[in-house]
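Take a look at these structures.
Next come two complexes, and both contain chain A; in the first it sits with chain B, in the second with chain C.
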Partner chain A sequence: MNMQFLSLKRKEKTTLQKPHPLGLGLSCFILRSSSNFISIHGRIGQGREKGGKKAGTDFGTQALKRRGKRSFPSQITSLPSPNPYPPTGIGASTCTMPGYYDISDILMEDEAVSVVFHVGANGVGLLDPGTETNSVEKGAKIDLPFWLAHELCRRRAVSITIPSCFGQKMKKDVQADAACVDLGTRYPYFYEFGCKLFPLVGDKSIGPFLRHTFASRYKEMLSKSHTASLNAIPKFVLRLSKEEYQLFEAARSSMVEFKKWRVRDLGLMKATILGHKRKTDLH
Partner chain B sequence: MYARRAAQLLQELSSCEEGQLPPYNGDKFDQVIRECEEHSRQFQSLIRDKDIETKNEDHYGSFIHHLSIIRNKRCLMAYMYKRAEVIQSYRWNVGRVLPREIQDKLNFSEQEYFKNYCGVIDSYMKDLDLDLTVDMIPPKDPYIRVRVLSEIGEVSLGDHAVSLTKDSFHFLRRTDAEPFISQGLMEEFVE
Partner chain C sequence: MAGQSDHSLSIFSAAEVEFIAEDEMIEIVPNIRMDALNLLCGDFGPFLPQIPCKVPLWLAVALKKRGKCSIRTPDWMSVEKLTQVLEAERESPREFQPLPFHYVEISRLLLDHAHDDIPEVYMVRSLIEDIRNVRFHKVESGLETISGRTYAVKLKNLSAMEVNLVRPFMVRVLQAFDKHDSPETVQQADASASKRPQVVDRGLRVSLSCVTC
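After this line comes the complex of A and B, so read on.
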């Protein structure tokens, strides 16, 4: 009678040795997120080689498209994408550039850059607060919004000086500790702005610098975003730029969906196998 | 000048939460339009009687004014487009009748847009003979317990009339109760 009881116990133990299915799922998920990181990595690398191909705003949608087969419910496809407008209207159906109506793109182009005029310009005295006549002199150094500087640079009327956010001090900060650099308050459009500025300025090191910054910050962000709680906003979120914040939100909402999926159709009942205590192996 | 006010309009719009609208800022909108007119006047004065090909200083000045007008136009268009999108989403999320707080935020022409959009959707649904605004997932139970929040009065639902007085409980069909719940006049009673 005792022997039978012992053999029964042993059988129970062996059934408990199966790996927990949810643990597998979680590690799959983390693997997929890191493969997304590699694909994002590749896109910024493309930007550097092709010289100005925009990789900035497209992190979310491209990463989602690369996920392929999933073992998770299809609710994850409803993640927010960086371009909030459906592909209709001007310039948005097939290309991945932000559309004409994209508000974050418009606000990003409003950033100020310092330019040096190669030519004079009449009738635009309001641009230069120091001028008496209603015109801008040749050789004047003025702060213009980026959309204006971009167009004038294309027509070789001005030349753009690199703003401080890509300068030596920033490079030193990033080398010291990239994750602590406060992009959220100082330069929320850091990556997009860099991608757009890159072809206009002669400095070839901006591309690799952007990639290096993103790569170093992504490591910490990946782990923190998946474990962040829903209600409290962790302090490090305030340091994220706009694109990083979208990635963070995507990770957070996918964790919410995952948790919902775990308890689907079970109501709030815990599966009985989770309640079993693991008996220690006496052998 | 130089599209700073237009950018402020867009800042206002983007600082709202997703799916919400700030009140229509007609004053700033008109100011931006006046700025465009000012730019246009300056542009006219700079290219008067000039040969377009010579790249002298007037040319660049007029070019800057031209770019400012294009930029203002883009900002205003994006403003209207974003608001139109949110109004469209109201039809799907909130319903045919908008609550007072939302209606106050809309311009007169935006309210007209909402009415026309509702009309288009309704005629489309009538052609299909299908109601597209209900939930995609069928509910577990066709009936629902509701509690009435504000006085509605006598309503005829199907073949019988129900008197919906404040704080009364009813056991209604889900499709009948849903329009009242979306307007906020009823709530689902969960034990």
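After this line comes the complex of A and C, so read on.
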């Protein structure tokens, strides 16, 4: 299911790139009205539904309603005024909200976290693969997607355990050499996830840890992204998380554009000029 | 382009920066006689042969392309001045030498269209390339010193094209650092009542002198 969504996202990227005077919100709406998107989203809705369709309890349906609201907006004709700050409860994260309709935000929330249930829940036995009856016991340890765990945590029905990407092993890795840690393949949403997770879990050291990781990785890798060569993708790009990759792309594309501008009008004259250029060129 | 997906960054493309640069005044020596041009941006006096006059750069290039004038190189584009600037750039690792705001674009336009009007054109071209390289390396090394504590970054005497080059990256980096920093400051405010973290070292202060002209 995720792969389909990702391939659609890539197709949509071309339409998203067109500068729209009314901004990203409206372009998201335009996407939504295309049938492709709705059908895929319908499938995603099903996927979510599987988790909580038979929810006798309140939690599942509430979470579903929010998810449902996101997929099928009731008004397509009028201009949306999307609330860029999704409703958060006690643990209001102070980091900048990426926006309710942001695709990478939606994808990021799909990450699985391991939670421990404080209360028993009836009718959601599908969440726990090891249960016989159609319910989850109190104290059971289950993997839930982050958006569900977030809502349940707000209502104090579960408590989230820190996933392995912020655990001790990771901290040791980062302290050894932050630039070598492979965030691109293992945890592409490392920073966003950490920002969202940080207010919900009692551990106060995640924030500084994220900052430290980012600062050291930035120093090693990102400050060199301007002069990264055009064709050969340097190795460290594969190790960047999504957010870092955007930074890298920004630098590189503006560099590429500048170089294109420089040689734009030279045309036939290029050969003679190249011969006289000094070797200390930017290439 | 880097900025399109996030329109709040309002990037200029290189061609747009060049367009803005073409408004600079430059001196030409026409070789035809022409009446005064009354344009929206100003009146450019009657052109008499061999009498120098000042016109905007776009007009100069247009006339030059039609063979109606010859362009006089601006003062800062002589070999001596450029060598001086280059030496000074190499000596001071953190400062940028004052150069005209649009020197990249002006020099490119002149070298492309009026290369026969510039004395020692290849020397000038290579000098300008070197200056640009040195300045860009300074910007890069300055970028490395941005840490979480930087609130603002100030780069004096940076030219329009160079600013445009680093702007998307710089803005996003500062945003990212801010995002990672703010939960921490809130958390520290919880822990130790009303004591903001003292910002000691701000690294390079860079004020993004955006091209808003």
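In the analysis below, the second predicted complex is superposed on the first by the 162 of 283 C-alpha atoms of A that agree within 3 Å, B and C clash if a C-alpha of one lies under 4 Å from a C-alpha of the other, contacts with A are read in each partner's own complex, and residues count from 1 in each chain.
To be clear about the criterion, a contact is a pair of C-beta atoms (placed from the backbone, for glycine too) under 8 Å apart; a residue touches a chain by one contact, two chains touch by 3 or more.
Predicted model only: the values in this text are computed from it and were never measured.
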**Asked** Just chain B (first), just chain C (second), both, or neither: which does A:Glu151 touch?
**Response** first
**chain B versus chain C as contact partner of A:Met108, first or second or both or neither** = neither
**Message:** According to the stated criteria, A:Ala178 is in contact with first (chain B), second (chain C), both, or neither; which is it?
**Reply:** neither
**Asked** Of the partners chain B and chain C, which touch A:Ile142 in the superposed model: first, second, both, neither?
**Response** neither
**Asked** Which partner reaches more residues of chain A, chain B or chain C?
**Response** C
**Request:** Could you tell me if A:Leu197 is touching chain B, chain C, both of them or neither one (first, second, both, neither)?
**Result:** neither
**Prompt:** Is A:Leu222 contacted by the first partner chain B, the second partner chain C, both or neither?
**Reply:** second
**Complete:** Seen from chain A, its contact residues with chain B in the complex are 85, 89, 100-104, 106-107, 110, 119-124, 126-127, 135, 145, 147-148, 151-152, 155, 157
**Prompt:** Can you name the residues of chain C that touch chain A in the complex?
**Reply:** 1-5, 7, 11, 13-15, 18, 108, 112, 122, 125-126, 129-130, 132-133, 136, 140, 143-144, 146-148, 161, 164-169, 172-173, 175-184, 186-187
**Request:** Give every residue of chain B touching chain A within the complex, in rising order.
**Result:** 1-4, 7, 10-11, 13-14, 42, 45-46, 55, 57-58, 60-65, 67-68, 71, 74-75, 77-78, 81-82, 85
**Item:** Of chain A, residues touching chain C in the complex
**Value:** 16-17, 19, 23-24, 93-96, 191, 195, 198-199, 204, 207-208, 210-211, 214-215, 218-219, 222-227, 243, 246-247, 249-251, 253-255, 257-258, 260-262, 265-266, 273, 276-278, 280-282
